[in-house]
Amino acid sequence: MAKKKKIIPKFSRSKSKLGKAPGHISYVGSRDKVPSHLQLITYNENDFQQREVPYIKLPIKNELETSMLNVVGISDEDAINSIGIHYNLNNLLLEDVMDTLQRPKVDEYEEHLFGVFKMLYLDTTKQIKIEHVSLILLDKQVLIFQETDDDVFNGVRERIINKYGRIRSRGADYLFFALLDAIVDNYYVALDDVREELESLEEEVYENPTKDTARKIQTLKKEILRIRKWVFPVKEIVNRLLTTEHQLIQEDTKLFLRDTFDHCTEINEDIVLYREMVTSLMEMYMTNMSNKMNEVMKVLTVIASIFIPLTFIAGIYGMNFTNMPELNSPYGYPLVWASFFIIGLGLLIYFKKKGWL
Amino acid sequence: MAKKKKIIPKFSRSKSKLGKAPGHISYVGSRDKVPSHLQLITYNENDFQQREVPYIKLPIKNELETSMLNVVGISDEDAINSIGIHYNLNNLLLEDVMDTLQRPKVDEYEEHLFGVFKMLYLDTTKQIKIEHVSLILLDKQVLIFQETDDDVFNGVRERIINKYGRIRSRGADYLFFALLDAIVDNYYVALDDVREELESLEEEVYENPTKDTARKIQTLKKEILRIRKWVFPVKEIVNRLLTTEHQLIQEDTKLFLRDTFDHCTEINEDIVLYREMVTSLMEMYMTNMSNKMNEVMKVLTVIASIFIPLTFIAGIYGMNFTNMPELNSPYGYPLVWASFFIIGLGLLIYFKKKGWL
Amino acid sequence: MAKKKKIIPKFSRSKSKLGKAPGHISYVGSRDKVPSHLQLITYNENDFQQREVPYIKLPIKNELETSMLNVVGISDEDAINSIGIHYNLNNLLLEDVMDTLQRPKVDEYEEHLFGVFKMLYLDTTKQIKIEHVSLILLDKQVLIFQETDDDVFNGVRERIINKYGRIRSRGADYLFFALLDAIVDNYYVALDDVREELESLEEEVYENPTKDTARKIQTLKKEILRIRKWVFPVKEIVNRLLTTEHQLIQEDTKLFLRDTFDHCTEINEDIVLYREMVTSLMEMYMTNMSNKMNEVMKVLTVIASIFIPLTFIAGIYGMNFTNMPELNSPYGYPLVWASFFIIGLGLLIYFKKKGWL
Amino acid sequence: MAKKKKIIPKFSRSKSKLGKAPGHISYVGSRDKVPSHLQLITYNENDFQQREVPYIKLPIKNELETSMLNVVGISDEDAINSIGIHYNLNNLLLEDVMDTLQRPKVDEYEEHLFGVFKMLYLDTTKQIKIEHVSLILLDKQVLIFQETDDDVFNGVRERIINKYGRIRSRGADYLFFALLDAIVDNYYVALDDVREELESLEEEVYENPTKDTARKIQTLKKEILRIRKWVFPVKEIVNRLLTTEHQLIQEDTKLFLRDTFDHCTEINEDIVLYREMVTSLMEMYMTNMSNKMNEVMKVLTVIASIFIPLTFIAGIYGMNFTNMPELNSPYGYPLVWASFFIIGLGLLIYFKKKGWL
Amino acid sequence: MAKKKKIIPKFSRSKSKLGKAPGHISYVGSRDKVPSHLQLITYNENDFQQREVPYIKLPIKNELETSMLNVVGISDEDAINSIGIHYNLNNLLLEDVMDTLQRPKVDEYEEHLFGVFKMLYLDTTKQIKIEHVSLILLDKQVLIFQETDDDVFNGVRERIINKYGRIRSRGADYLFFALLDAIVDNYYVALDDVREELESLEEEVYENPTKDTARKIQTLKKEILRIRKWVFPVKEIVNRLLTTEHQLIQEDTKLFLRDTFDHCTEINEDIVLYREMVTSLMEMYMTNMSNKMNEVMKVLTVIASIFIPLTFIAGIYGMNFTNMPELNSPYGYPLVWASFFIIGLGLLIYFKKKGWL
């Protein structure tokens, strides 16, 4: 059985939000509510610190140059609200932070830059997981809101810890872009998974298509549509960041985003390509199925077409007419056998020539 | 039987309007004409009132800061006309108010802002109802024209009554946007209904497709097309409101519309997605049907291919030739049975190998 | 038999125009040449006159404020040419007036505004007729060139005659727009006809599809394509008129065109929608046909699969071996009948379980 | 057999051009190389001359006002090169003149205007021929480069010779546009041919579809794609000419190009339309084929379903059991016949009711 | 068996790059790592030199006017890094040089212009090879980074060596464009290969379609998609170069790029066209297969429909009723034969009339 993937989660925004004012803060998602906890990394060119902080101690003083604050768990309305107050964040913004159905977007506020994205990564069972993540760029700080401890930012953390590359010597805007770049890089992982599934299904369609194959193809198509839904808008967002004149972003930092933009372009092209290939695959499946049917019909036709006439001949000499001279002729029976062979052979040759054998 | 939904109402604009001048006020719709009645809510930050008013008492003096006037029933030409005169509304505007076939749009007049929309909501039988609604933003007032008492604005009314959120402290432009936001939020309800139908049909296609399934899929497709017709244009309208410089709309109120715009984007994307999924479903249905046909053909082929040759052999020894030595041999009959088994088994093995059993 | 509709007329422009200079005046159309005749309506706010005029008496002095001159018959080259000279019209313009294959368009000349459109209306046999019409806005006059006496302007004439609405008190530019509005309003009539045909075909596809149904669907599709060809460009034309700064058009008259533009938008959307629905219908037809085939195959399979094995058994005991002990057993014959019933019943139950009965 | 048309010529640019510098002058085409010859027409308002000129006598002095020089044969590199030198033409331009695979385009040079187009016309066997033609507008001269003596400019030549229309009194820019207009007008001829083929194929699909019909439809589709390839870009080119500010083109001459632009718009729309219609035709063909298959299956089903059960009954009474009381009953044989009739008739009525007869 | 072509290479960027900082230099590709080597050509109008240089001797002094440096092998991180330092190249640029999955693009840096492209050429087995190539335009130098010694630049080298055309007298910007032009010209070779495959498959579909044909068509479709992926973006890149105002590119050199742009337009149109034709081919294949199935069914129907009724008649007279007067009639047997002929012939004529024979 093909695994079932829901393109749309079971919970629905309409139930959570209907009749509420815009800016109403409440969690929209499929998880149980858990308290949020906060992980802080602060660093400058020479030093860095990493620790858990309770949210009631906010705002954190920036002992070092730049800090990155992971808020893990977005269903805790009190925590989110209190963080919002500490950092002076708009309620509309907080609403999006807690709404796991929110489409990727970037909003520019005077004091901060707010982005909503989806992280895609393979979980331990090699299924693609899609997680809601919000990034907020403040002066010398980046806030990250995420649902669970799993994220795609370990590479960034290691670069900070190990002082690899430019990250320690550059500001919060570079960090913001590095996180975004990490999110986009992980889209390749999901696409590679899709590509592998595509290739294995292609093999299956050509070598051993079954009734279940069609369902698997449709499931993959829905998976691609699901990825497209969350990944497609990111290109436009990165493009907007490339041209923004927000005060928190320095002109020369944008250079590093050009690369991310290239990747988005490529990812979107690949998604379109995979979509086309899945359609081709379904077409191919149907062609193969129809070819198989053809083969079934040919076997039936060949066998029926040969034996039905022969049975008729046998039927003739099974008739009980008193006056059938052939029956008493000594050549009668051998001649009938001869006619069986001649007719049978003739039809076989005919079908052979038709290419049905 | 799949329920029938008409994508286009039975009455037609061509019959009602042909040969009439633009601005000719007459009801275009499917309901019987009934007198309009008016419901008024007025409020300021501290106080609010709610009452029925007769339309002959118009215009209502704004005792409190802001007022919202629901005109229920749009088939009453006298009432609409008289309201139009009281509020100094253009005849072209009133024509659109009474034309339930009017496409969603926004028109900016110097003294007021006029919007036509469709409310979508589930009625008591869980069918999606589509209702014509017009919103007019005047100075400190919002007029709402709707066909029946049912609407999607109860959430807004409750926020006014219970003083929840910002609504009581902000002006008529905020109220106008809150109403529009309520309309858009309800589109999710319709889409959720579509999604559920889609999932239940998907189940049906995979588990137990019947002849009726195809019709149900087509019906759902038409439902999606119907929703698309009325919902798609709203995104463009909201976008225009976001950039309008109409004197009645304050710049900072527009902020709250950004959220509505995001929702419109998402809704339109979902409609496109559901459209694609319905097409996939139809494709899958046809593939399943063709697979079933395949199975039917295989059964026929297996049975016919095994028994037709055997019948031929039986036919041979049913012939009445006098000179058939096999007939008198004591091994004749057992050998024929042996041949039956060998041929039958051979063909069974062949079909097994082909994967037809 | 489905009625045949030619999407392209039998006569072709290539035969009429090849090798001619631009501006060469000659009739391109399917009718016999007949002399043109002219009908004049002049009016001001208080008065109006209506009469036939011979074209040699042109130009007509404007006794009253505004006049509308219908030129009926556009195959009369002498008349058209002479009218062109009287009103100082460009040869390129006259060429378009007489070319019934001309695509809808608007050309702005310094002294006049020229529009080509198609009138769509139902003739007495309920067929959609498409007629070429040209409108020329001059100072205080509108010229209308049409092929026959039938047109869609009677509503406008009645409004002039009965002084209904604004038309008598406004100038020639309002008249021009009113005529255009009448043309567009009649497109709804054609679309309603398409919609009804669509619904009746849908009924036919579901209830009683025949071989002819496919042809009818294709015919309707071609009808929609034909309407699209002539109706689609009008929206763009109306949009251009909305933004034109031609001296003959007053700014506040344009307001009335906004309504026409809305209608064009809706009409174009509906054409696209009907196109999609016709495609769905064809798909549904094919699905139904394939389902019917399925049913045919099932009947064949059930009957053949039951009786072929039984016939084989009967064949066995029709063999003439001398040594067949069953034949002489008194239980032989009843047991064979028993086996017939058991096998037949077993297969029936099997097919029942498969859902083929 | 359907006639074969190659959408792409057998010779390929890759073989002729690979590794050559841009501006390398060499013939790319399918014809044998022949020497070019030149035909000159010069004229002013009162006079005109027409003669052959050897290319070594170039440049020709303009005895009269305007001249049109046809260079026939574009495979003669010496001649083309020498003409290029005489008229001071760029090598990149000459390369395009000799490249019959060059896409239609217009290039503006300071001293001249260069256009590449394809002439489409029916040859004597009613096949659509596509010929490469280049037009160069110089001061008071138009150069035409063409492959053979056949072209679509005879109408223009006649208008010059017979002094018909404006052509003699206007300059080289008008001539350039007249030639372009002649090319575009001839596209209608090709499209009319496509339309007729479309209608005849439609007849064939409905009345008498054969295996060859599918191939004919595919061939027509490729013909439409071939025409589209060469004709589609012309609209954009004409649009650019309408807005060019090239010194050789007078503003009021552009008026005459508006008509050509309208034609291009219509032609492109028709090509899209024909493309859609060919797709519909293929769909219809497949539907008809599937309906025919249906009919075949019904005949098989009806005959097999009636006679297989009857044969079984006959088989029963062909069995040789000693103890079959029916065999000796005087009513046995008539009763069996009765059962044949009843069963046969019953099935016939059943199939009749199913609509299979 | 159709040859398998992977649209996506086996190695994946996600494995190579995940968690790395932008600008991290590492080879992304399918080859084993080999040391790079460098080939230098320097030239001015009168002279030229060609030699291998070790990369440790960089930067090379420009003895002559212009130089072209081929870096062969891009998996050697030390070499690439050291070249980058010598020429002052950005790490982000070097990252793209070594990433064979990088999409075609152009980046403008202040001191140099950087382009990434794919070379397409046929290898010795006539397979299309796709190779990553980077071009960097510096002051008076062009750097080329390529994977192997095979490239598409031999034509350019010959023009330099043999002093053919303008190349020796013009600067590095002309060289840069000449190399780009050579890359684009070679796309025609790949497209010609696709076209030939398309024509041979078309032949196969019409003349001798097998089960393998469908797979070959799908393989060609994927090949076209693969080419499209790498070739499509080039047009946009060339367009950007046409409008760039980079200091290293002289205005009059751009003229030569116009030709390249035309070619890109044509190539992209052809790719779209081939894509459409492959879809048509698949459609045609399925139609042919369905026609073949039709034929199989007709043979079965004709044979079964003729012989099943005849066998029934023979069965009747094989019954053992004692009271069958026909059996003893001397005309019985001949009359049965007559009925065989009449019924058989009648059915044959019927099928002939149906067109099934």
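Each chain carries a letter (A, B, C, D and E) given by its place in the written order, and its residues are counted from 1.
Operating definition for what follows: a contact is a pair of C-beta atoms (placed from the backbone, for glycine too) under 8 Å apart; a residue touches a chain by one contact, two chains touch by 3 or more.
Fair warning: this is a prediction, and the values are worked out from it, not measured in the lab.
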Labels of chains that are neighbours to chain A and to chain D: E
Approximate Å spacing (C-alpha centroids) for the pair chain D, chain E: 27
Inter-centroid spacing, chain E versus chain B (mean Cα positions, whole Å): 43
Multi-chain contact residues (two or more partners), chain D: 290, 293, 297, 300, 304, 308, 311, 315, 318-320, 324
Ring of chains, enumerated from chain B in the sense that reaches chain C first: B, C, D, E, A
Interface residues, chain C side, partner chain D - complex: 6-8, 12-15, 17-24, 92, 95, 101-103, 105, 107, 211, 214-215, 218, 221-222, 225, 229, 282, 285-286, 289-290, 292-293, 296-297, 299-300, 303-304, 307-308, 310-311, 314-315, 317-320, 324, 326-328, 330, 332-333, 336, 340
For the chain B and chain A complex, residues of the former touching the latter: 154-156, 158-159, 164-167, 178, 181-182, 185-186, 188-189, 191-192, 195, 199, 206, 255-256, 258-260, 262, 265-266, 269, 273, 276-277, 280, 283-284, 287-288, 290-291, 293-294, 297-298, 300-301, 304-305, 308-309, 311-312, 315-316, 318-324, 356
